Structure formats: C-alpha cells, structure tokens
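Shared between the two complexes below is chain A, which pairs with chain B and chain C, respectively.
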Partner chain A sequence: MSELKKIDRRDFMRGAAAAGFVGATWAASGEKTEGTVWQLDPSKCTQCGRCATHCVLPTSAVKCLNQFNICGYCDLCFGYLQPGSRNRDTGAENQLCPTAAIKRTYIEAPYYEYLIDEDRCIGCAKCVNACMVFGNASFYLQIRQDICINCNECSIAKACPSDSFSEVPASKPYIYLTGDESTTKP
Partner chain B sequence: MDIRAEFDAFDDKPRASFVAATAVLVVGVIVSIFALFIWLNHDPTRLLEAERPGYDGVPSGAAALAPKVNLAGVFESMGGQPADLPGYWPSFRGPTVDNISQDAPSLANAWPAEGPKILWSVDIGNGYAAPAVMDGVVYLMDYNEEERKDLLRAFSLADGSEIWRRSYKVMVKRNHGMSRTIPAVTEEYVLTLGPKCHVVCLDRVTGDFRWGIDLQTEYGTVEPLWYAAQCPRIDDGNVILAPCGEEVLMMAVNCESGEVQWTTPNPHGWDMSHASIIPMTLLGKKMYVYAALGGIVGVSAEAEDIGAILWEIPWVAKVVAPSPVPVGEDQILITAGYGTGNMMLRLSEDNGTFTPTVEYSYAPGEGLSCEQQTPIYSDGLLYGIMPKDAGSLKGQFVAYNPDGTLKWSSGNDSRFGFGPFLKADNKFYILDDHGVLTMLESSTEGYTQLGQAQVLHGHDPWGPIALAGSRMLLRDMDNLICVEVGADAS
Partner chain C sequence: MKEGVHRSKHPWLVGLCMVAIAVAYFSLLGQSGFQEPGDQIRYDVSSFRDLDHIETRFVETGIIEPGIDKPKAMCVGEDGKIYVAGENELVVYGPEDKELVRFEIKASPICMTVAEDGTLFMGYNDHIELLDASGTVQAVWDSVSEQPYLTSIAVSDEEVYVADAGNKVVLQYNRDGQLLSRIGKKDLKNDIPGIEVPSPYLDLAINPDGDLWVVNPGLLGMERYRNDSSLVTSWYRASFQLDGFSGCCNPTHIAFMNDGKLITAEKGLVRIKIYDVTSGEYQELVAGSREFPREQSLKDIAVDKKNRILALDPRNNAVRVFELKEAGDEKRT
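Up next, the complex of A and B:
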C-alpha cells in the first residue's frame, strides 16, 4: 500500500495561482464569443402546435406575429375566422384563435387590421397555418426574448419535428419574414 | 390537601376543556361562515372578457352612403381599328361555355426555344378581368386607378392598339385586384359587370351607352368579397344576371330596351358569389345553373316556365369562384376552394319535377376541387388544378373520373398554382402563377407535356385565357398580351 503524497498549504496556493494565471491569460487572448438565444425559423415551421405545449414556461414564450407589409388586411381573414364560420365578425363563435388573441379592427372599407395580443397568445399556430394555406402567409411564430428564459436545451427545440429551432446571436434575436422588424408593428 | 379540595381540582379540568372546545367551535363556525360568504360571492369568470360581434368597429350603413354612379359615363375614341382576323370568344368559357375552343385552327405542337411569339402587349389596370373577342376586337373590362374609373376598353386583335373606351367614375380600392369579370358580346351589344356590381350595356361597335343597372342600390345586392366576379351571360337577346338581392335571385334584362323580362325570387336570401351563371341542358331541359353563396339553383330557361326555380339545394362555402360544370346528361359538378371541396349532383325528373341528389361530396384532396378556375369536362373526364389544401396534389393539373376517382395527375414537378387553363386543338394550355405557359397533350391516359415558355413576368396571372383563331390572350396583374400559338406561325 503506497502512501499518498501530502500537499501542503503552500503547494496548494502555488497551484491555484498558476491555474488562475493560465485561465486569465487564455480568456484575455482567446476570441470573444457572443451570447446566443433560441429562435425558430418561420420558413421551416410546419405549424405542428408543439410550441404551445412543450415550452417549460406555464404559457409558451413562442408568440404569433403579423408581418403587416405582407398582410392583405382582408375582411375574410382565414387566420382570424373559423373555417365554416357563418359571419365575419368578432363573435367568439367565429374566431379561430382559442384564446381570442387576435384583435380585428375596421380601418376603412374593405380593410381590417389584425393585431396579436401577445399576453393571450399561446403559440398554437392555428392562425399561422390558416393564413399560410389560404392567405398571404403574414402570420408567423417567434420566441419572444423578453419571456424566454433561454434554457441550455430548449424543450420546444427538442420536440420540433421540422428542426426549426436554432441558437442565434443575441444581438439579432428575431427572424422576421422580410427582415424588417418595424413591419411587425402597425 | 383535604378531600374537598381534591374534588374541586378534579372538576376544573373538564370545565376548562369544555370552554376551550366551545371557543374553537365558535371560531370555526365564524371562519366557515366567512369562507362560505367569500366563496359564494367570488366570480371565477370576472377576469374573462366577452367576445361579441361588433367589437371591430365596423360602421353600420356604410354601403348606403355610396354615391350614385353615372353609368353612361364618358366615351373616348382612341384611334385604333378593328382587325380583319378570324376568331370568336364571346364571353366567359367561350362560345360553347365549356372552355374548349371547338373550332380552333391547327395549333403548334411544339414551340421554339424562345417560346411562342408574343404579338403585342398593353398595360392594363390592376386585376384579373379577361377579354372577350369578336370581329377582330378585344373587349376588356378594366379599372383606371388614377382616375378612379371602371372602363370598357376595345383593342384591335391585330396589334393591341386601342379603338375606343367608355368609362364611369366609381371608387374601387386595391383588394387582391380590382377588375375581375369578362364582358359578354353579341353582334349588337357588349355587356359588362363592374367590381361594384354595376351592369352596363353598350353598342358593341360604336360604344354608345344603352342602359345601366346598379345592382347594389336597385336590387340590394351584397358586394362580394374582393369585388364582383360574376361574368354576364347573353342568351336569346337577354342578359342573364344573378343579383342575389333582397328579393331577386336571378333575372333577365332585354339587351335592346333594358327592361326586365323575368325575375326569380330569392326566398333563402342567398348572396352573390364569384361564380357565373352557366346555361346547360340536363334531362332534356334547358336551365340556368348558378352557385350562390348559400346554395345551388337551377332556373328554367325554356319559354313555358322561364325564370321558374326547377330545383335548389343548399351548399355552404365561404367563397365560390368556380362555376357549375355539367357532366353528361344529368350530373353537375360543384366545387370551391378555401377548405370547401366538391359536390357532385345528380338530377332526376318526375313529371316535370326536378330533384337534385348529392352523388358524392369530397373534402379538398379527396376529389377534384378547384379554388379559382372552373374545371373542364371533356372526353368523359373532369380536368382541373387542385387547391392549396389538397395535400400532395396541391397545384397539380389532374384528371378525375366523374365517379370521383383520380385518373391521373401532372406529378410533383408540374404544379400550376391558381392558373387558368383552356383546351383547344386536342391540347391543354395552362398558365401558372409565375407566367409560364405550358402546353400538353389532351389525353385521358396521362400528363404529356409538349411545350413550356415564360410569357408573362408580372404576378398573379389568374385571368381566364381567351383564344381567337390562333391568337391567345393572356394577362397578369398589369399586362395583357397576345400570343400566336398557331401551327403556321413563323
């Protein structure tokens, strides 16, 4: 049985100082890595609905956005109205959104504006899918960075069937449909 | 301690317990009553907001404020001359109302590498309206966005030079195109229906105004979404219209006098769709069939009971753009896009009473359904382009048996979007969403492509194709072109 070499206090302090010096030198000389955040690419999204159910937060950090420079401002908005709805109005029975998160406002004949109430939106993508199939495809999903807690391993990314999620630079945290952030606001 | 004191001490313990228990009970009862009070007065729905109709701020009675339109408008001579060229495409779906050119000359079976020759091109207003052709003149219902005018324009078939135009002022805003109807022409008349449901009859040659009707103000027509798309139909000297107003579902107006000849009631309050009235003869009876928003109706076109409803059947669809297609002796295919699908009706007749029966009804992708264009029935098959929600068949040109089974499809590499299509000289011509014209063999067995060429460069080339002789008229959102597709083209 061999005896373990005893490390005295002085040796330990020397080793710690050396390790600290090497680490500080590496950090100072190495490339700066920018922070990243999770985001989903709307061009890959298949509107499967898992964003609403797989986020670790009680209400998903994924929200619907409306790209206004693509929106047709239609009276018959397929993203807003239930398929088969009898009337084109704001009655609950006519709305496609399960949480009534889309606000329809008359502008002037024949145009209507559709705003997303993100506090209500659960990211289910029902409106995104309907607008994609029958409309101008102006609705799309994005992770709201002020809500997302940026898990090391995004729970929705793991469940996403179309591999839409990736880590993007924190300085450019959104993937807008036309690359113009301002058009997501009216 | 004496015995008396011991007894007193013994008695004090249960008394204290009793007092404590009573106090706890009283406090418990008070807390319970308070909790019950809180519970009974708590409204768990207090944070919910009702979503009721009218929250979007739509003003009521906006349509009533629409200004009266002077439909006689203004005539302008533009200097062009009618062409001395053959060809006749008098209205929506051509001379035989089936979108098949029955008397087309021999057309080229292949195109040179640069495609068929584009003979001329003219700038037109934003929309999907397609032309009618007669006696070397191309008639197009157009909209001038700068001057806010509906205008009927007459072009020479030879070179596209404008012969004359007649216009009237009406406010139309961009809403997925503006103009979207095809005029109806006869030797004497040209009939138009504008985006805001204005019907105008002009002298076909001179452009003189004969009469006009505002269907919204005179009949209570509800302007369809994205404007009116119903193409007027002239039959036996009368224009047949479906105003779908408060009282009148369908009517005939004499082209010469402008007098209403007959009307059909609208008992169910059906609304105007984007489809057009199709005359057809089923079970030996001539009738006008129309797919309204609400249902399908067959109206007698024979003198003894003209204008009478022969049969009707409800059908729910948000938007109906394709028109009914007669199939054989007694069937009618109805189809619509935006999630609707199709319905095949079979008519039966018993002692003059017609009864429609739904033979089958399929969801998009399960049977032939079209979103914008009307299918063609030819050689015992139904041809069309599948809608966006048809799964793997999305945008494919398909041939279906009348029993609803798929015969063939154009395949994953040949998709055409909303494009119009036409049959002539045993060939199909299809214009896709990107302005590419495809020519294919008309075959009951499969898709055989003969040629393909980029002929338009603008977006949304969805106006139906017209063919006059060997000259094919096509349009995108802002341009009308004339393409030579004849076999003798050099």
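Up next, the complex of A and C:
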C-alpha cells in the first residue's frame, strides 16, 4: 500500500496560485464575450398574454411601449377603448386595459396622446393585439431592463409560443419597432 | 453480527412512499407552476367577427392571378379592361379575364386609374405618372406638398383628383397637371371638419353621376365635395355592427357599382359592404371574415362593367371576384 503524500498549506497555496494564473491567462487570451440580457422581438410576438402570467416577478418586467411615430393619435383608439364601448372617454367601463395603465390626453380635435403608465402595466398585450387588429400597430411589448432580474432561464421565454424571446447584447437591450428609441417618446 | 443495520418493519410502506414521491416529482416537472392567461387579459372580438357570418346574395365566382409581386393598385377602364399593377409590372385583362398585355413600369404604384382616352394615371408615394396604353411615360407630375403619400386617384372630364394621405387633403388638378385647389382641409366656418387620416388609407371615387366622394377614415364616413372645394354632404357610421364601420379608420377603399351604389372595404374586421351613398344607409354584405379570415386589409377594390366586385387580396396576391348569386349561377350553367 503506497503511502499518501501529505500536502501542507504552503504547497496548496502555490498550486492554487498557479491554477489561478493559468486560468486568468486563458481568459485574457480568449475572445471577450459581451454580457447579454433577455428581450422579445415585437415582430414575432403573438400577444398570447403569457408575458403577464409567466414572469417570476410579482408584476411582469414586460411592459407595453407606444411608438409615437406610428401612432395615429386616434380619438377612437382600440388599444384604449373596449370594443363596442358606449363612450369614447376615460370611464373605467370603457377602458380596455385591465389595470387602466394607458393615459389618454387630449391634444387637439380630434387627436389624443396615449402614454403607458409602466408601474401599472402588467404586459398582458391586450392593447397591443387591439392596436394591431384595428389600428396602426404602434403598441408593442418590451422587457424593461431596469426591472428584469435577467434569470439564467427566462420563464416567459420558456412559455412563449412564438419563440419571440432571445438573449441580446446588453449594450443594445431594446428592439424598437423603427429602430430608434426617440420614436417611443412623444 | 453486523451492527448498525436497521430493518424496517414495513418495507412495502417505504416502497410505496418512494413511488409516490417519484410520481409527484415527475408530474410537477411537467408543470410550469404559472397560471395561463384568463379572459380578462385576452383580446377577443370573435363575437363581432361572427356578426358577418350570414348568408349573402353574393358568391365568389373566380380569381385572377396576375403573377406579379405585391400588387397594390387596380382599376377598370371604360372599355371594361381590368388593370392590375405591382412591383415593376402592370397587367391588363380583357373579356373573360384573359390577359391582353403586360409591361414593365417603374417601382410599385399605390393607386391607379384610367381615363376615357386610355391614359393611365399612376399614383406613387410622391408623384403621378401618366402612361399611354403601351406603358410609355407621357408626363410626370411632381409632388406639390411636403411629405406626400398619394393613395388614390380619380379622373373626370376636366379634372384629376388625388388623395394625399400624408397631408390629409385631396389635390385637385386640371388635366394638364396644374394644381387647382386642396379639398378637405379643416374649415369650421364652412362646416368642413377636415379629413382625418390616422393610418395611411385615404380613398376617393367619382360616382356615375360625376360626384366626387371622399372617405374621411378617421371619422368613419363619407364626404361629398363640389369641384369648388365646398362640402355638399357627409355621413359617418362608427359601429361594430354590420351597418357601421369599425376600427380607428375605415373604410379603407371604395368603389361604385354601375347603378351608383357604394361599395366599401374595411380593415381590421375585413368586410366588403354596399351602402346607399346619398343617405349612408347600409344595404347588404358582400363578403366578410369568412371570406377574409386572416387579412389585415385589402389592397384595393373595383367594380367592372359586368357589375362584378373585384377585391385585390394581399394574401394570395390575386384579384378575387364576387358577384350576385343569380349571375354566378347563370355563369356556372
């Protein structure tokens, strides 16, 4: 039976330092990979509603955005109003959003501006679907990176029926409809 | 004697527990643990869609496949020829929908009409081109506005009317291309509400009596103008029911039947319907979501000399032909 060689603390520290040096050298010489974050592609989204129900956060990190250079500023906005609503006003019974997260502001006859209150938005895409069917499709969903905890395996991505989710470079974390952040601002 | 070995008095009970734990584990693996979206967060307009699932007097009797890329414009000449234009190509059909001629054109016109003398007026984003019957460009009328988007064109004996969705007006030209006036601008003193164009659809047409009718898509109705730009009459019908127009901006396209009845096409819930143009009274449905289940909008509609309704359908890049069932039955027999 061979006798096991005892390793003292000094030998152990030397070995660890050598391994650390080799590892650091290998990492430095290799191709640098940029960090990624989860994001959804609005062109693939089918507004299934799972962004609202399948996020691990209490309120989903997915929020609705309005692309203002596409929005028609309609009085009869189907992203805002229930289909068949009696009046075109801010009455709760007339609003489509289940959390009243869309703010309607009069601009001039007959145009209105629609802003999303993201604290209220649950990312259900009900307004996105309505705007797509009846309007200009200016509403769309995006993951808000300041809310998302960037899970290793995004639970919404796993449930998404249209494979809209992917990891994108953290330096370009949003996919705007017209490719420009400024157009999401009024 | 071995020590520390402890035997259960009920090994079958331990086995049963282990099987139960395994079953529970694997069944939970298959569940996400998240609730599926309920009715409150689903957008459902199927009840409104079902409204047009009714028997109509019209039937689809044929299809014309021009075989061109992305056809957007269609019109019918005084001689009954059908013109369809798309990406870099225009096709002309004669009697029995037989192809007569096909020629190259520049880019993709959005709208098109043909004058009595056979001159083709092609509307592009920002200019108009006049072509002779062989496709040779005779004249080009450049844009007169900033950010134009020309979506419809109609020709009378002396004038040419062009819908500019970008500037929410109708441009009135003489036949030489000289701009005469802008029709439809907001003028509350003269009771003109102004044409509203939330999405890039603005159509116009001249009826058999020679009256100019313009869609006001944002107000979901029709307006008739004199050639001095004054408004004669108007009617608006915002409703999800069959007798009205749904969505933010409809109708998207119009045409007139030979007896003067108005044909409308809508986006969203895609429907083709007939109205009395003077009163705005809904008359009947031609085709609805059963015939157009997935389309967002049609590209154009027209009526030919046989009173057939032609719908340029982007789904199959073809012209779908609808006519009264009696006429369709005669054709089949």
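Please note the rule applied: the second predicted complex is superposed on the first by the 173 of 186 C-alpha atoms of A that agree within 3 Å, B and C clash if a C-alpha of one lies under 4 Å from a C-alpha of the other, contacts with A are read in each partner's own complex, and residues count from 1 in each chain.
The definition used in the following text is that contacts are C-beta pairs under 8 Å (C-beta built on N, C-alpha and C of every residue); 3 or more make two chains touch, one makes a residue touch a chain.
Because the structure is a prediction, the values reported are computed rather than measured.
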Identify whether chain B and chain C fit side by side or clash on chain A in the overlaid structures. clash
Between chain B and chain C, whom does A:Asp89 touch in the aligned arrangement: first, second, both, or neither? first
Once the structures are superposed on A, label A:Ala19 by its partner contacts, choosing first (chain B), second (chain C), both or neither. neither
With both complexes overlaid on chain A, does A:Lys126 touch chain B (first), chain C (second), both or neither? second
So, A:Tyr112: does it touch chain B (first), chain C (second), both, or neither? first
Which partner does A:Lys158 reach: the first (chain B), the second (chain C), both, or neither? second
Have a look at where A:Ala170 lands relative to chain B and chain C in the superposition and call it first, second, both or neither. neither
With both complexes overlaid on chain A, does A:Gln47 touch chain B (first), chain C (second), both or neither? second
Examine A:Ala100 and indicate which partner it touches, taking first as chain B and second as chain C; both and neither are also allowed. first
Applying the document's definition of touching, compare chain B and chain C: which contacts more of chain A? C
Looking at chain B, which part out of 4-12, 112-120, 202-210 or 256-264 clashes with chain C after superposition? 112-120
In the superposed view, which residues of chain A touch chain B and also chain C? 72, 74-76, 78, 83-84, 110, 133-134
Where on chain A is chain C touching in the complex? 47-50, 52-54, 72-78, 83-84, 96, 98, 110, 122, 124-126, 129-130, 133-136, 155, 158-159
Would you mind writing out the residues of chain C in touch with chain A in their complex? 32, 34-37, 40-43, 45, 48, 196, 198-199, 218-220, 238, 240, 246-249, 267-269, 296
Footprint of chain B on chain A - complex, ascending: 72, 74-76, 78, 83-84, 87, 89-92, 94-95, 100, 104-106, 109-112, 133-134
Within their complex, chain B touches chain A through residues 49-59, 62, 173, 175-176, 225-226, 316, 318-319, 337-339, 388-389
